[in-house]
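There are two complexes below, and they share chain A, which is joined by chain B in the first and by chain C in the second.
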Partner chain A sequence: MFAQTLMLNWKVARWPLLPFVLIAFGLPLLALRMAASFTDAVVFAPGRALLGALEIWTPFFPFLAFLCGAACALSVWAWDHRANHVYALTLPLPRWKYVLLKLGAGALLVFIPAFAVLAGALIGSSGLTLPDGLHAYPVTFAFRFLLAAMIAYAAIFALAAGTQRTTTLVLAGLVLFMIFGEIGAGYLNDTLHTLLPAPFELLEAALLRWPGPFNVYGGNWMLIDV
Partner chain B sequence: MSNAIEARGVAYRAGKNFEIRDLDLNVPSGSIYGFLGPNGAGKTTTIRLLLGMTRAAGGRMTVLGHDSSRDVARALQRTGYVPERPHLYAAFTVDEAMRYHRAFYPSWDDAWAEKLKRSFALPDDRRIAKLSKGEVGKLMILLALAQRPELLVLDEPTDGLDPMIRRDALSAVLDYVAEARATVFISSHLVHELERICDWVGVLDHGQMVAEMPIESFKNGVKRVRLQGSPGALDDAPFAVLSRTPDQLTAGETWIVRGWQDPMRQYFDHAGASVREVADLDLEEVFVELLRSSRVAAR
Partner chain C sequence: MSRFTYALIALSLLVPKQSAAQDVEYDLAELRARIDSLSALQQQFQQAARVRDSVAAATRTEKSSVPLDTAVVGPFTLITSARDREHVERLFARAWSEAPAMVKAAERRLRGSTWVVALKSDTGAIQTFAKQEKLQFLPIIYWRVDSFAEDPVEHALLEATVQTFPQDVRQWLGSVPRSQDPQNLRRELAVAPGEKAQRCHAGEVEACIDVLGLRGERWAVWYTAAEIREHVRRFAPDLQEDFEGACSDPPDTEVCARFVATRLRLAPPVGSRIRASFLWHVLDRAAPSDLDRFASDTTATLEQRMRNVAGDLDAAVRSWHSEMIEAPQQSMPATARTGIASLIWFMVAAGFATRSTRWRLG
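== the complex of A and B ==
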């Protein structure tokens, strides 16, 4: 069952995933080449110059990881939605088991862009002469990319697993919570002189700060570091 | 005789315009049960309720002895289903679709699947997205049959297919039923198609069961009776009157009645009329008259 579900996911996700895999391979190469060419001319503190040049590329990688995870999650559910889940619902296994099979088989596909990042990072860093004190971390970098992509995959998979109505309700609920929470917290803080945190801050703290699940997206995504 | 499918007091509502009310259904094991109804009667919804795809608001349903709301996976293990619209993954080729389906059904019969594939002339390596409508229909029937189910649920399986493909598909189903003694629950609005193959019939209209009986009773018990004269009250009629229309030319009436037997002619003698002709109706006419009378009664 798992092998066949993996096969199905591969068939439906490979083309949507292909551009992201190519970018995942090319982006570390491009980042390292651009940074190296920028620092070639630098005589004083070339290490610092290299790190500075690489930092420009930092936001692209978590963004790409998110896109890869989202592309995987949306692709594996796309046909089920189009056929109103009829095939899935008439298969002789409990729904949770079907969802678990689909989740697991889809998660394996997330490894493909992560391997592409690893390959790009390894090739790019192997051809580079690093200034003293700096090291390349292609495996750690690719692992971080994989984690970030997995988090996006899991979150989008959960959202996409429901009906369009459920997804709309969840997202609309979230937006309403943010808008009215923001207004409500502002009003209470003004009138009662309290210090209630705004919903956006609460959400940010819960999701983005350690140990929030999206914490992996923050910080410096440095392929080369001290 | 036990029932392969049983429903008692099933209720379901979708929006303001559609509901299924107090639906009872009995599909005897080993029968070919034709589930008739006009478009929008609720046939597909009933099937979705039976197979656990949609949740009923009330009532109880069992499929092969398993509760549809709690234990549907075990029922589905023994049930082959062909939905109204193609549901297969379009990215798969025919062979890949067969391999995928086989993975979920331990009773899958490889040899028979191959035989069906050859007899349906399905191309191994063509993607489902590239198959014709008829080929997709045949592939869905192949998948349902090759899992060797005890119950086949076919939702308008031949709708929109050309007569050749329709005949091939129905022949394959009938061959299987003859060999495996499976139960078939087939929904359709193509009455003539069901007339040839079914031994039980249920008629659904506006989410309500209008009639459910063996096909022989269905066909033989309903007659068109042409009368000379116009009888008065009907209180003590020994049959059910489905419709009654005046006949301008003969100054008489034409009645459609259910439960007719020949000695009942005497009833009209006492009612001030005489029977000129009693004629059989084909299944389609019976179907139309049943729907007409149930709609008149519902008003």
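== the complex of A and C ==
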């Protein structure tokens, strides 16, 4: 059953994934080539120049990882959404098993752009002469990309697996929490002299800092480092 | 002279004299008693000074548009809004109790330091008050207190401590950095410009002493002529002709150094963060008496003072280097920890997906 699910997911996701795979392969290659050309024949502080040139590219990779994960998650549910999940509901297996099969098969597809990043990083760093003290980390870099894409895939897969009503409730709940939380925290801070954090600060701490789900998007996205 | 006077003189000669040793013992005991009484007086003086400072602060708070209050934590007087006073006092008390040894050793020198503190609220009014009274202003974004170096209160304690150091130390250090992330320090040293900085990164002690600037701002020691020439070519091409005149090959180091310092404004190989990490490393391991001597000695050179407070400067450089370069590699890689957290959240999302209402039919 898993092989069939995988084949089905591959058929539906291969074309939407293709541009992301090409970008995932080309972006590290481009970043490394441009950084190397910028630091060629630099005698004074070549390491600093190289890191500075590479740092410009670091925001693109977590963003690309998110897009790859989102593209996979939405693609694997595309046919089900179009047919109102009739096919899934007629299958002689428990619902949760169906969802897990789909999740696993889609997760395998997320490996494709991650391998593309690894290939681009390996090829780009192999021809590079690095200044003393600096090393290339293509495998760690690609692994971080994979984690970021997987988290985005899982989050959007879970949202897409639910009903439209559930998604609306989740998003509306977030918005209401931000609005009323801001008002409530401000009121309590003023009247009771508390130090409650603003909802945005709470969400940032809960989601983006370890052990939050999106903490992988922070951290070190440098392909070359000490 | 009258007979009475003769009698007095005769009587004094007859009175047995105390021995020299007994004289010394009496003097020491008397001196000790005097010192003890003076210590008690000194404590009373310090108490009165604290009361005077509090009264002065209270008088100042009356001039603010926001109700202010005063707290005293350790050697510091804190002025803040009345409703935030307890929080501020708690923050400073925690920071003071957890402050490194070199900060606590500076308690005597820090006495009388006054801060105007704003805890997110009424920041504008409190800052205006601080400007009017010419006091130090410290805004605290409470929910951004993370590690030691990022906590604004603990950073303020460090800054206040550095202010008690001699002028040349403060000039050498520059600003007190906030972040002492070991990874950033390693990175800064690894990519520091110049061959001398690379030798320091490799572990050469003498190179590190030079690169840290302990022997003064010596451009000719930090950079070769070729390196400076490259810097001029890339960043100051209009000075190239003057540079060739001042720093011909082989370079006249005096003229070249003057040119580099005054015309080129070349930065040292390592900045405040690396210098501060070394200074904290040395001072945290020093005895309080050595710290006091370091802070009060204005005659010795910086290098000599570092040797005095560190004991063995070479060993201090070696231990600092190994702590900075090697230690971060021994801790669990952040990526592995991130991977475990991501895997757990993946499973949580999977659980939500399988429990969706869509799949709970019948």
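Observations, loosely collected:
One rule holds for everything that comes next: the second predicted complex is superposed on the first by the 225 of 226 C-alpha atoms of A that agree within 3 Å, B and C clash if a C-alpha of one lies under 4 Å from a C-alpha of the other, contacts with A are read in each partner's own complex, and residues count from 1 in each chain.
Just so we're on the same page, contacts are C-beta pairs under 8 Å (C-beta built on N, C-alpha and C of every residue); 3 or more make two chains touch, one makes a residue touch a chain.
Bear in mind the structure is a predicted one, so any value in this text is a computation, not a measurement.
When chain B and chain C are set side by side, the one touching more residues of chain A is C. Of the two partner chains, chain C is the only one touched by A:P131; chain B is not.
Of the two partner chains, chain C is the only one that A:A161 touches; chain B does not reach it. Applying the stated contact rule after C-alpha superposition, one finds that A:K11 touches chain B and leaves chain C untouched. Of the two partner chains placed around the shared chain by superposition, chain B and chain C are both touched by A:L89. Of the two partner chains placed by the overlay, only chain B lies in contact with A:M1; chain C stays clear of it. Shared-chain residue A:N220: touches chain C; no touch with chain B. In the superposition on chain A, A:L108 makes contact with neither chain B nor chain C.
Legend: residue contacts after superposition of the two complexes on their common chain; A:I183 is shown touching neither chain B nor chain C. In the three-chain superposition model, chain A touches both chain B and chain C at residues 85, 89. Taken together, the chain A residues at the contact with chain C in this complex read 42-45, 47-48, 50-51, 85, 89, 95-96, 98-100, 103, 131-134, 140, 143-144, 147, 150-151, 154-155, 157-158, 161-163, 165-166, 189-190, 193, 195, 197, 201, 205, 210-213, 215-216, 219-220, 225-226. Chain contact summary for the complex, chain B toward chain A: residues 51-53, 73-74, 76-77, 79, 81, 83, 85-92, 96, 99-100, 103-105. Partner chain A is touched in their complex by these residues of chain C: 83-84, 86-87, 119-121, 142-143, 183, 186-187, 189-194, 198, 201, 223, 226-228, 230-231, 234, 333-335, 337-339, 341-342, 344-346, 348-350, 352-361.
Within the complex, the chain A residues that touch chain B are 1, 3-4, 7-8, 11-12, 79, 83-87, 89-94.
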